[in-house]
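Input: one structure, supplied below.
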Amino acid sequence: MILHLKTNTPKNILKDYCTKTNAFINKKDSFIQIVNSSSYKVANDELNPFVIKTFVFDSDIQLASLKYSAHKQINIDQLTIGRNSSQFPIIMGPCSVETETQLKEVANFLIHNKLHCIRAGAYKPRTSPYSFQGLETKGLELLKSTAKTNNLITFSEAKDASQIKELIDSVDVVQVGTKAMYDQGILKALGKSDCTVLLKRGFGSTIQEFVQAAEFILCEGNENVILCERGIRTFENKTRFTLDLCGVAWLKHNTNLPIIIDPSHALGSSYGIADLSKAAIAMGVDGLLIETHPNPKQAQSDAEQQLNFDQAKELLEQVQPYLKIQKRILY
Amino acid sequence: MILHLKTNTPKNILKDYCTKTNAFINKKDSFIQIVNSSSYKVANDELNPFVIKTFVFDSDIQLASLKYSAHKQINIDQLTIGRNSSQFPIIMGPCSVETETQLKEVANFLIHNKLHCIRAGAYKPRTSPYSFQGLETKGLELLKSTAKTNNLITFSEAKDASQIKELIDSVDVVQVGTKAMYDQGILKALGKSDCTVLLKRGFGSTIQEFVQAAEFILCEGNENVILCERGIRTFENKTRFTLDLCGVAWLKHNTNLPIIIDPSHALGSSYGIADLSKAAIAMGVDGLLIETHPNPKQAQSDAEQQLNFDQAKELLEQVQPYLKIQKRILY
Amino acid sequence: MILHLKTNTPKNILKDYCTKTNAFINKKDSFIQIVNSSSYKVANDELNPFVIKTFVFDSDIQLASLKYSAHKQINIDQLTIGRNSSQFPIIMGPCSVETETQLKEVANFLIHNKLHCIRAGAYKPRTSPYSFQGLETKGLELLKSTAKTNNLITFSEAKDASQIKELIDSVDVVQVGTKAMYDQGILKALGKSDCTVLLKRGFGSTIQEFVQAAEFILCEGNENVILCERGIRTFENKTRFTLDLCGVAWLKHNTNLPIIIDPSHALGSSYGIADLSKAAIAMGVDGLLIETHPNPKQAQSDAEQQLNFDQAKELLEQVQPYLKIQKRILY
Amino acid sequence: MILHLKTNTPKNILKDYCTKTNAFINKKDSFIQIVNSSSYKVANDELNPFVIKTFVFDSDIQLASLKYSAHKQINIDQLTIGRNSSQFPIIMGPCSVETETQLKEVANFLIHNKLHCIRAGAYKPRTSPYSFQGLETKGLELLKSTAKTNNLITFSEAKDASQIKELIDSVDVVQVGTKAMYDQGILKALGKSDCTVLLKRGFGSTIQEFVQAAEFILCEGNENVILCERGIRTFENKTRFTLDLCGVAWLKHNTNLPIIIDPSHALGSSYGIADLSKAAIAMGVDGLLIETHPNPKQAQSDAEQQLNFDQAKELLEQVQPYLKIQKRILY
């Protein structure tokens, strides 16, 4: 249940109620917002006189629900992301930061193609300890300095709760990766910051759990959450994962958060990324996240699925007419 | 392996080889085509002098492979369906034939919207014996007469091998439903006919098995096979199935058969059908199959996912700009 | 709903009601049983005076439900199969009938190990048209003659509705294979016979659909249905399928039909078959179906998963103490 | 590749090689063990003179592989766990620590039934922020003091990297929960400790990834890792998850680590836990983890699946004959 309370609600009544029902409190401009389990359907006698509005729900998808609020927009620097924004970010860059030269080449490519968002991983949540694990702090520094020089918005991933503060301090948008979606150490730290969060769906996670992971951030007071569908694990093995656009249809129909698609990790191969990007745009999503590398064959991770610059350029050209129908401009 | 042989290949050599290797023989205009397991990589000494061309493959996706032939087009009446056709069929109609009035209303809707293809089930492969099982022969007759009056192309589904002949004789395009994809009684009968086949992917079937089901039809000599992706079964339960557009990207990249998408069965709800239709068109598929009913709430099957005529009309309008980019005209 | 009606219920009232509600009628010794959709909760005014007992259900699992009847036993020759039987059949034999010699060797193995049930496929529902498809009619004849000489109970699979009558006439127990579970041509023909049916779960089918497939047979009047769990398709790819023993726990707790486990198809390798067999016995199932071949390496299908005779013998020894706890004797 | 090197291998050569190939070094009694990616198949010229033995692998399952070492045993207090141990731990206790009284009742139950291992969660990785999140530090203290009084071995779960040190200091066995399996912050901290680890399989994780998660701990030098299968997420929805005993067969056949089964989370209901426990024992696993609560209906989490004491007692009696066959004694 979400309650909007008068700003003059007595502190002791508020505190008592919230302790008793494990509710989260966020002070807004003209009201106090409190959220507790969807099993609650009415406030209690003490609180009732101060209730402005009550929102009840079938499940714990509450703050993220379209029933609670219209589609949200998130501002990052000059970029506004969301259903009603005219800007459409295509966030490109390599799976991993590898060298300064690599990042410079990527930045050049982005600038020449009028893109403003760069992605690159410094902490890589690999499934084997014997694979390349990322350049870590050094990688983040390379990303920051390249972005600063070229005036780019940075996206990079937190691997686990032990680096989350470093990430929040280093990048514009913290990605929560598919393997970290349930990581409450990450989610709570992000909730307590005002950092923009790109929350990826766990590949074994239901839509319900995915949006509830967003609720972990929202209920702490941080409203800057972007949902990212990146493919789920199914029995099909010709592709790396299965991009769940039925799930995206559900999210569009039921939630108020911006939605971004990552076709690269879903397909796991470069050949169909442009097609899936066009499909995602036609569905009306709010941005794309695409792996691009100066020389994918030599990439230290995800070599198969990263686009080279020619492929990336071709993709950017191919999506233009679809963006035009959506009245969106590439950012 | 596929071999193209000279038309003067001696019958006994041909027959010996085919018996020994379980090969299928099809006479083409200027050569004899034989196909056997992909484990074969060369012909034998007797056959060698008559070989025009040899095609070898990694798996039993052979006749359907882009390595063997360019994208195929299939002609049904005035409709040409395939990657390079300018026509784009949106096949609409109810899940089940229910009454003559119902079909007439659907036919009127189609004609007024310049559509030429009607779908409706007479044999319904329900999962419970206690549900409505379809009007069977009577349903097929209603469909035939409505289509004849209105000059429509008919699509209807075979439930199992016991009605396959009736279907072949009654409709323009025989659908092989998702639960019948492995049914060799159906596949072989269709292979021996020259009927156009819309082969739906089994919801528990891999892409490899799906295309191999098409090979059962193709190897018997019937080249008129359309592939239809309609969603696979995954752990996600907010939607009925998960539409596998990564799989479609693979099919486009590797096979020569036309591809149609059925968003209705994938999503299982009417709300996102237009979005998924736009996505499919943007990906470059060759047609859509969409459930439409004069009064979905009273439908005897699939009530949730059928569009009413207002929703269907809206969808047809919304997809127009996407078809234009693809240089396709609604049919 | 299932109704038990007095034997003197007037025919016209009965017929009217059954036509109106799509109900199935079966005459039992002391009552008339009718079954229609679980959405019905009460009979109507005309029928009410003749109702002996009414059974209502949450879903269309009705005749198979433990709420309707206690655990059933099925008699096949000298074998009684079911929860309370002291006999425990381990049905062994090759994936496919290949030669007379092969079947004789299998029969000898069975007899020397006091087993009485042989399995072997004559119609093979392969996923590629270019693989071995079984010896068909000839295979069934070999199986029949071998079984007759050695007094064995025969189990063999129907591929699709076009051979179902031949199967019913040829073997003691007709297997409905995993790819044919939804085949209503097969299910209805079996329902109208009195043949014992071993119904395998579709690898993409829910437990609900699996038991409803059994209902297709039961509602036609044939009560001789055995359920067989043989693995479902999941994301895990180190094993061929995933044996669903949680599902078996549900079936044991909720249905009245005998349950058999096929570990061979689930695992797809010979190494763990004995372990899975012991697990199944410890859970309290009613029999096992295990692929055994005189020379698995040369088998024309499923070479990886068939046990050789040494492995099969070892398995039979290893399961003995577990059968003893269950108070079951190998049959 | 794993190399066993002479103890006199020059430090600079060792260091050079390990830096170049990202290898992990562990000093053993009579050799130096180094491990790097399975893509390496031979040492280099500098290192070669010091190589005692080389182990090469198909995949990054290396230290955990049966090809590298025989089945391992792990000692925790008086308990030895592993394939060849005569002790069989059944670890029981509530999902969450709730009150001191609750834990005392559980401890009494365990002692009266000669069990020595208690499980209880203090940090609960719930999927909704609005559910009970556990008593955290206070919960750990209650668990510690109850265990100390009653001389019990404690098992409790780390939620994310932010509490891992507290867990290591507080309990005998740290559980890595299904949602934390990929959490490298947790895995690395455990690898650097000598704490016994119960590593649960992620419900969306392949067996390959599961064992590679164990490799993250093993390669840091901590050999005390127990694998725990607890069900994977599939399309089946009558049960909470699907217990993957085919996967367990693979693990037994290919890895050297002890294996424990958690039937409670797999099934998600109390009714079939005893059956699944018997199945697991019959397969030859090394222990069970079962949720037990004095009053499951009032439990703050997992109410459906926790056994009450009567059910737990019945289970302990029912498994006895199966343990006897395995020559194992309840611990």
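Per-chain residue numbering starts at 1, and chain names A, B, C and D are given in the order in which the chains are listed.
Methods note: contacts are C-beta pairs under 8 Å (C-beta built on N, C-alpha and C of every residue); 3 or more make two chains touch, one makes a residue touch a chain.
Computed from a prediction, not measured in an experiment: that's the story for all the values here.
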Same vs different contact residues, chain C with chain D, by half of numbers used: same
Far-end chain from chain A, centres as C-alpha averages: C
Intercentroid distance (Cα basis), chain C paired with chain A, Å: 48
Cα-centroid distance, chain A relative to chain B, in whole angstrom: 37
Junction residues of chain A - those touching two or more other chains: 204, 208, 233-235, 237
For the chain C and chain D complex, residues of the former touching the latter: 204, 206-208, 231-232, 234-247, 249-250, 252-253, 266-267, 271-272, 275-276, 278-284, 321-322, 325
Of all residues in chain A, those that touch chain C in their complex: 233-235, 237
In the complex, chain A residues that touch chain D: 22, 24, 35-38, 60, 62, 125, 127-133, 159-163, 179-180, 182-186, 202-205, 208-209, 212-213, 215-216, 219, 233
